[in-house]
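Just so it is clear, A, B and C label the chains in written order, and each chain counts residues from 1 on its own.
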Amino acid sequence: MTGSPVVESESRDILSVEGLSLSFGGLAALSLVDLSVRQGSITGIIGPNGAGKTSLLNCISGFYRPQAGRVTFDGADVTRVAPDRRAALGVGRTFQNVALFEGMTVLDNVKLGAHSRLRSGIVSTMLFTPGARREELALREQVEHEVFEFLEIEHLRHRTVGSLSYGLQKRVDLARALAMRPRILLLDEPVAGMNEEETEDMARFILDVQEERNVTVVLIEHDMGVVMDLCERIAVLSFGERIALGTPEEIQRDPEVIRAYLGEEAA
Amino acid sequence: MLIGNYQESYASDEAIFRTPATRVWMGLALLAAVLFPFVAGDYLLYLANLMGVLALSALGLNILIGFTGQISLGHAAFMGVGAYATAILASRLGVPFWLSIPAGGALACGAGMVVGVPSLRIKGLYLAIATLAAQVIFEWIFTNWTSVTGGIRGLNVAPASLAGWRIDTDARAYFLIMTVAVAHYLFATNLRRTRWGRAFVAVRDRDVAAEIVGVNLFRTKILAFMVSSYFAGIAGGLWVYFTKVVTPENFPLSLSIQCLAIVIVGGLGSIKGTIYGTVFMTLVPELLKATTGLARQVWPTAQSYLFPLQDVVFGLLIVVFLIFEPHGLAEVWNRMKRFFSLWPFEK
Amino acid sequence: MSDGLVHLLQLLVSGVVTGGIYALVAMGFVVVYKATRVINFATGEFMMLGAFFGWSAMSALHAPFAVALLVAVAAAALLGMATERLVLRPLLGQRTISVIMVTIGLAAIFKGLAQIVWSGDYRTFPAIFPRAPLELGPLIIPSRQFYPFLVAVGAILLVGLAFRFTRTGVAMRATADDQMAAFGMGIDIRRIFSLSWSLAAMTAAVAGIVVGIIGGISPQLGAIGLRTFPVVILGGLDSIGGALAGGVIIGVLENLAGGYIDPLLDGTSVKEVVPFVVLVITLMVRPYGLFGTREVERL
């Protein structure tokens, strides 16, 4: 009974999506999508534009309520759980449009990522009681070591986010998600708009996060190099349906996938 | 803009005053503030007290609008709740000021919690109109709940006293008001630099992303309303001891608008800006009064134009600042600092 | 008919008819919002200036009422255009609080200027409407309520139809809905904004003159503007028909409260506060009002 639990959890699914259907008015964004994600893995979600990839991520984050289906995280049904509660459970997220808080510095943006983990009440922070002071300084230390050093952005900490290049903003977006100490990271196009060097850096960070911190990663990407290199499994969406699921090699050969991307002739 | 700022520990980087220079300036400012009542005349002292109360109230409004992005047109109502609570406790139950003022703040805080509830479902313009309704409703309660509030006649309050030492001169009131105001400016600064301040700004900038990243929107917005109205309530309580009387006419919609103007002219979201805004918006009408007083010598009816002129100037300041200087006096100050930090070199 | 029933009917009828005035004032808000998504806190002051323009035309130019009305409306149209060009256009796209505050600032400027130009003295229009009250059996409707009600209904019909069926009206609605799309369709956005504010100012001027006829003119005339918020919220910020419905309902509720609740309280009247309580309830239960269009949050 005191045996190490590590072996079991390695093959467990940390996230599973079953029969997810989402529509806006009459428009179906997702139809009966299934996906299970193994703890500690990197899973890719790809598909043509408008396939529903971000909608799927939004359902997992809690921003959208699906009309049908279920989202299970770490054994618990979270389909109806509010987004901020899911964050508290360990669901981290980056955004396609970066979505940083323009009125705050990089440091504050990243610290905000840890909001759900902090305990200081509003009165104690206003009075800056010894307890509040301890928590704030501990947060600073944690964020510096675990996030700023890791992502090599220490020199940016007091800059306003508006003054950063797009690539750096995306890194800060990731930093904010990491500050939460997430169990799972949902990345929405983490290397979009990046040059080769930035892409390699980001890919390396993602791998390090998964290996060193045992964080499960689910990423949406259009950069096939990144997807094929990093992901152990890939789900392909097209027009709201999952048309394929498998290893990179299987996906590359799948006729459905080829048809979705390149049209009928290529298949 | 700090040049050559080198910190050796995270703790010192997190401090409010990070360089010796800023610490010295703050020390000098405090010294000047302490010496002020000994050199200033009665009228200046009265103005200083007025500004102290307004600056405190406006800071609360800035926390709600500037930090958190929630619009409130009913700030004066919360000042009124605090003022009336303080006055009732003081005059009917003989509660001393160091209890009645915080109690006023607490009751105003509760009122803020109630008024903040609509923020769960409505935002922006609609929320603004809801707070406008709150202003009207509270004013009506102040005027008509005669048994409790004294109706139109209002309530009279004896001067605050602490162990026999009565606060019955403007100079003594000054120390009370300034101490409380400075303390609350410190609280607001602490707030901005810690967990909840960040949550407020996140809700203002991108509430959708904030929620996904872990911020409970409703709880955060309600807290913002509560903190904001607490500040207003304290300001109202101080006001009561300052003027020794409270009537429903003291907290009209125009006071809410005045606070809004202060926050906007000073700079939304800027704590220092609130001070600049308060001083500016208080001194400009005074300047106008002095000018028309002088003009009376050549133009006898000048004084009758004072009030409408104040209205026009007030409105013009708001419109001009919004069009040309939307980030307020705080930004003007920052620009000057940036310019002088490199002067005589440019850029 | 029993006395109680007559009392009730009288309250209802008075309420409906007072509601007409509210609806007329509310139109000023709705026209601006419908076309530009801006809530004009200076609507009351536009009304007040319209009334003064009309009064000046009559007293200084010795013009007959009809001419004075036209002069006032024309002057208001110019004022609206100037306001849009100088004050509102620079703030296009800014956050809501800024736009709200700029109209509040404008209100202060107008009010102050009016007092400087015309002084704070109370002025009156000569009697335009017939004096005799309307009698419906046991019910009496004072003329100063009835004729404004007719004007309100007429104006609402006119403006409502214009928005619905004229090309400009449709263009205005399109612009308010989605500026980019309207622009893409070839609509001259700047001209639409200009026209919208002119129209709003003209509507307000008519409302101001009507209110001025009933209750006299002074720089304080604009105060009725804020009292009309419950009406626009209940009716729906962008619904012209809603302004009429909202006005009537608020007018009736006010009167019923005054008639039945006030006697139970000694000395106080709930008439002023009831509309605002209704406003709060509306916002909690149905924020877009009875006829307003639901705004979809763009993600």
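What we mean here is this: a contact is a pair of C-beta atoms (placed from the backbone, for glycine too) under 8 Å apart; a residue touches a chain by one contact, two chains touch by 3 or more.
These numbers come from a predicted model, not from an experiment.
Visitor: List the groups of chains still linked by touching once chain B is ignored.
Guide: If we ignore chain B, what remains breaks up, so that the groups are A | C.
Visitor: Farthest chain from chain B, going by mean C-alpha coordinates, please.
Guide: Taking each chain's C-alpha mean as its centre, the farthest from chain B is A.
Visitor: Could you work out how far the Cα centre of chain B sits from that of chain C, in whole Å?
Guide: Those two chain centres are 33 Å apart.
Visitor: Distance-wise, how many Å sit between the C-alpha centres of chain A and chain B, to the nearest whole number?
Guide: 41
Visitor: Report the inter-centroid distance (CA atoms only) between chain A and chain C in whole Å.
Guide: Chain centres of chain A and chain C, defined by C-alpha means, are spaced 50 Å apart.
Visitor: Which residue numbers or ranges of chain B touch two or more of the other chains?
Guide: In chain B, the residues touching two or more other chains are 208.
Visitor: Please give the residue numbers of chain B that touch chain A in the complex, ascending.
Guide: It is residues 10-11, 13-14, 187-188, 190-191, 193-199, 201-202, 204-206, 208-217, 223, 227, 269 of chain B that touch chain A.
Visitor: Going by the contact rule set out above, which residues of chain C touch chain B in the complex?
Guide: Checking each residue of chain C against chain B gives 39, 87, 90-91, 94-98, 100-102, 104-116, 120, 219, 226, 229-230, 233, 237, 267-268, 272-273, 276-277, 279-280, 283-284, 287, 299.
Visitor: Can you list the residues on chain B that touch chain C in the complex?
Guide: Its residues touching chain C are 65, 69, 71, 73, 118, 121-122, 124-126, 128-130, 132-134, 136-137, 140, 144, 146, 208, 253, 257, 260-261, 264, 268, 305, 307-319, 322-323, 326.
Visitor: Can you list the residues on chain A that touch chain B in the complex?
Guide: Residues of chain A touching chain B: 61-63, 82-84, 87-88, 93, 95, 99-104, 108, 111-113, 115-116, 118, 120, 122, 125-128, 132, 135-137, 140-141, 144, 176-177, 180.
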